[in-house]
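One chain, subunit A, links the two complexes that follow: it is found with subunit B in the first and with subunit C in the second.
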Partner chain A sequence: MLSRLAACAALLLSTATADAFTAYVTNEKDNTVSVIDGTTMTVTKTIKVGQRPRGITLAKNGEWLLICASDDNTVQVFNARTLEFIKNLPSGPDPELFVLHPTGNPLYIANEDDNIVTVVDIDSGKVLTEISVGVEPEGMGINPAGTVLVNTSETTNMAHFIDTATNQTTDHVLVDARPRYAEFTPDGSQVWVSSEIGGTVSVIDVQTRQPIGKVSFQINGVNADAIQPVGVRITRDGKRAFIALGPANRVAVVDVATLKVERYLLVGQRVWQLAFTPDEKQLFTTNGTSNDVSIIDVEKLRVTKSVKVGRYPWGVVVAPF
Partner chain B sequence: MRRTKHFLPGHSLLRAALWPLCALAALMPLPGHAETPEWPCIQRKVVTLTAAQMWDGPDVEGLTGFQDDAEMGRLIRLLISRATPAEKASAALETWAGTQPETTRDEKLKLLFAGVLKSINEDRAAVISGIERFQRRQRELSQRIEAQGVTLGQLQAKNATDDKSRAELKAAEDRYKWDTRFFAERQDALPYACEIPVEIEQRAFQLARDIRGLMKD
Partner chain C sequence: MEECEARRRIHRSRAVCALAIALAVGVPWLMGGPSGAHAQSPPATPPGIIDILLIRETAAKPAPLSLLDIPPQDEGLAGAKLAIADNNNTGRFLNQQFRLDVLADAAPDVLVAEAQKRVAQGQRFLVLAVQPRTVLMLADALKGQDALLFNAGAPDENLREEDCRANVLHTGPSRTMLADALAQYLVWKQWRRWFLIVGPQPEDMAFAAAMRRAATRFGARIVEDRAFPVETGSRRADGGHEQIQQQIPLFTQNAAAHDVVVVADEAGQFGEYLPFRTWDARPVAGTQGLTPASWHPALEQWGATQFQNRFARSAGRTMRPQDYDVWLAVRSLGEAAARTRATDFSAIAARLRSPEFEVAGFKGQKLTFRDWNGQLREPILLGTPKLPVTVSPQPGFLHQFSELDTLGIDRPETKCRLPARAGPAAK
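Up next, the complex of A and B:
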């Protein structure tokens, strides 16, 4: 009996652990990060961070929380569990978005004001190199193998391909106006680049470096100029893409094979960035104007909840604990 | 040196001379707003909010039934009033919905949203035209300051020696000082005014979300 109880308790515990997660949201106007408990879906803590926090990611298997403090010209490192400040990393001026190498180091940071990508060793805190790219670099994506980095430049309207072995740009692909985000498909064969003003997402073949398709959007009753794609996330099975459409207040669900929109989900105002929960059953969206995050049930394609956070929520990342 | 003491305390003729330029610079239309020169805000001018921006429920285009329901009318006024805190608005909405028969509740909620959207758009349009009026007055004021700057320069050039000239110069300086300060204070208030249409839009979105959340289908 006791052993049965123990086994039952262990099972319950392991289930709870497997489902547990914590979401972190940068609030651009408040200079804070909201911490959302995945079980209760409530904000359990709000921490003060540097000025104008935007890009956010996890490092060291989720133990480090990295934040672009854009107006402080630094990347801040916090302990993701205790939320204690660990250190600053050099970032170059105005860091907006970054991506970590799949091996966990280095960190590639887009410097919006300086037309460069800064490469930083997160352990030593040293700048390894700077890579010149187009005007107003922003979107950063890296392929699963860690060999190809893509940076988008908002003003040059290009996706710049960078060889991570040499840290040199190798190819430049023209996309629609103001590219904001780059996301590789899980098999690394395509990179999806969202264009905020162009209102499209370009799909580029990574091997040939040629555009092979484009996702377009149309929402009845919503002006085309309000459809501004920004954040992109693709499911691990590579079948579905979720695209945040800014002031259209919707997330588009796109079939990756056909590049057709399956559905538009009404979330919050000016939806910006996205993050899956570790089990990929839910998707968080940051809604910059309604000051909340929406939670989407990925299987049912329904918005299940909205959680109020700070002012101008910008980036979001989810830790598996 | 002698001339400067008649001008703005702490600073100099240079500052006074630069003010009209600053004023004009502040009033230059923002890039991307060439089509709306009277619109001074960094936020894009969106005159009308549409249902599709905030609503994924049934079509509300052309609905006017809310005008025939006095109780609904009172609720709409309460909901859209910026004096009503969001929590109080949500509570009033829920109470009202709870009194509606289930068979017609969705239909009533749809009508309510149509009424909220129409009224909030009217309210917002009044705010937008108020901001544009404000901008026009600022432009007129900057032109007046510019003219005063020229007059002041001319009076300074005369290098006043008699009492009458000195009094004239002093009066011109005072007018100039007053108007530049008035202009600057109004200009400082502008970002707050520009936030109002955004706040109204936030309220509209929240109300739409609350109303939709009370509907069964």
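Up next, the complex of A and C:
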């Protein structure tokens, strides 16, 4: 009995450490970031950040928390553990989303108000260059090798391919209306681009720069106009994609090989961005109009919990501690 | 395959005669555009040109009651300029260039004669910011020619109904769309008893008729219907606040029990006097108070913030509904040209009329044209002067094909009989 208890305790302890993580959620209307403890799944802290925080990511092996403070025209850097403010990075006007080079530097920032992508060295805090793209740049994705960057422009309706060696655009692929997000498959062979108004996700072959498929959605009882794909996340094994469908209040689970939707998971309202936990067992969704995040069990494909955060949760990132 | 080839051609060559072409055709994105690091190398083949003609009827309108409502000189034009810039930003990646030409005059005859001349010279796409009669004059004068007209402003129902024309698309909402949008919200609010106050102008009567139709359609009742007499030098409309403060309560006295005052005063001659002055404490909606429109200058949803900012930077003021209607017309052309990668009239016009056509307009859903009369389906914003209040269609107003078709005259009711168009009939 005692030994069983001890084993139990040991198991609990080990899972606790293995599963330890912290989720950070930007609240667009509150100018705050909610910090969620992964063990208790509760908001443990809410920190004040710049105005209209949207895109959020980690840098320096998770030590830095980077936040697009869109209305302050800056990217803010916080210590991810202590939550102390470190510095501001130049971002160009109205930074919305960004992506870090796989080597950890530089940072590529979409400037929604200015038709450019700004490239910033996060150590020196210097703008390295600006890349001219279409109207209202938003989605940012980079291949695992760090050689190809894709930016989507919402009003131009294109995925712009950028060569990271030269920082020049090389190809412009038309997709459906209002492309929001670009996500590479883990093998770097495809990039998935969600089109919010078009209601589809285009799959583009990275080698040929040609669209090779499209994911479409149909949900009984939900008007097609309300199905608006935004955030996309693909599992590390490259098998499954999770796609946030905005005001359809669902996350679609898609088989990457066949591009068929396996299931729709009902989450909070206007689901926007997604983030896996480090062990990829759970997925966080930000639900803009219901002011909460939903947590999805990735194996069972079930929504297990919702956690109330601030107003208009927008972006989410999870750190492995 | 063709697309692929074209793109390769574009990319092959970039740097070579960049400057020469830029100087020759005045490519806007190189002139005063970004320098050095993020300058986009242009294609070597000359871009395909898409010319758009904006026609503005500049007849004097009566002065508005409020100094805040004096229309800007470039109303509509500013929307066209922004859309051209947006189109060109996309066009530079597709080797397409959009050019705007403007025709402005107070006399419809002059506009028609000049438009005919321009079409003979090769103009194909005309965006109209003109009076309803002038829309018909232009449509008839250009009938059968390679010219497509966009009515961007005249809300008159007859242009979409008995007087509909095969060569006209409408990007501004019709009066019944506006009235239905407002009515749905009033019914959603359970403000079902309406006190209708109607001005003397034909447009006022038309708006009132649209509200009466909407009441029947959505289950509201007009419990009181009064005509507001406006005459030049009228005792009611003139004078300082002392008189208005006496006259409006008097005019609205002894009305049947009502939930809301609905005012029909498109000319803006008295409606602004109603809020806070009615005999009974009731909200005012219609052409003043809570108003339906295609655009609101403070809309921030659906990415509209960036759009509003872009407009403000380019025009130096906030966006008005007519700017938006014109922007949508020019953007629709840009969208059709981008999707077809074409610059010729027939391909672009066919795309605009095809069931595949859709355009994003910062309203949270795709906008499409009704195939039976060329009217753009679009959500309608209801707002007070400072802020949007809601967006119609309202929840619960359902439709078998598109909820946007709960706004305005629907397919089964239409009086428009256009010759059957190519392609499958839209659902």
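The rule is simple: the second predicted complex is superposed on the first by the 306 of 321 C-alpha atoms of A that agree within 3 Å, B and C clash if a C-alpha of one lies under 4 Å from a C-alpha of the other, contacts with A are read in each partner's own complex, and residues count from 1 in each chain.
In this section, contacts are C-beta pairs under 8 Å (C-beta built on N, C-alpha and C of every residue); 3 or more make two chains touch, one makes a residue touch a chain.
Remember, predicted model here, so these are calculated numbers, not experimental data.
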{"item": "Combined model on subunit A: subunit C and subunit B, fit or clash", "value": "clash"}
{"item": "Partner contacting more residues of subunit A (subunit B vs subunit C)", "value": "C"}
{"item": "First, second, both or neither for A:Thr170, with subunit B first and subunit C second", "value": "second"}
{"item": "Subunit B versus subunit C as contact partner of A:Gly146, first or second or both or neither", "value": "neither"}
{"item": "First (subunit B), second (subunit C), both or neither touched by A:Pro278", "value": "neither"}
{"item": "Subunit B versus subunit C as contact partner of A:Ile219, first or second or both or neither", "value": "first"}
{"item": "Partner chain(s) touched by A:Gly188 [first = subunit B, second = subunit C, both, neither]", "value": "neither"}
{"item": "Of the stretches 292-300, 310-318, 328-336 or 418-426 belonging to subunit C, the one that collides with subunit B", "value": "292-300"}
{"item": "Where subunit A meets both subunit C and subunit B, residue numbers", "value": "223, 226, 247"}
{"item": "Touch list for subunit A against partner subunit B, complex", "value": "219-223, 226, 247-249, 266, 268-269, 289-291, 306"}
{"item": "Contacting residues of subunit B [partner subunit A, same complex]", "value": "50-56, 198, 201-202, 205-206, 209"}
{"item": "Subunit A - residues contacting subunit C, complex", "value": "94, 112-113, 115-116, 129-132, 134-136, 153-158, 160, 167-172, 174, 177-178, 197-199, 210, 223, 225-226, 228, 247"}
{"item": "For the subunit C and subunit A complex, residues of the former touching the latter", "value": "4, 7, 11, 29, 33-34, 37-41, 86, 89-90, 93-94, 303, 306-307, 309-310, 335, 338-339, 358-360, 364-366, 402-404"}
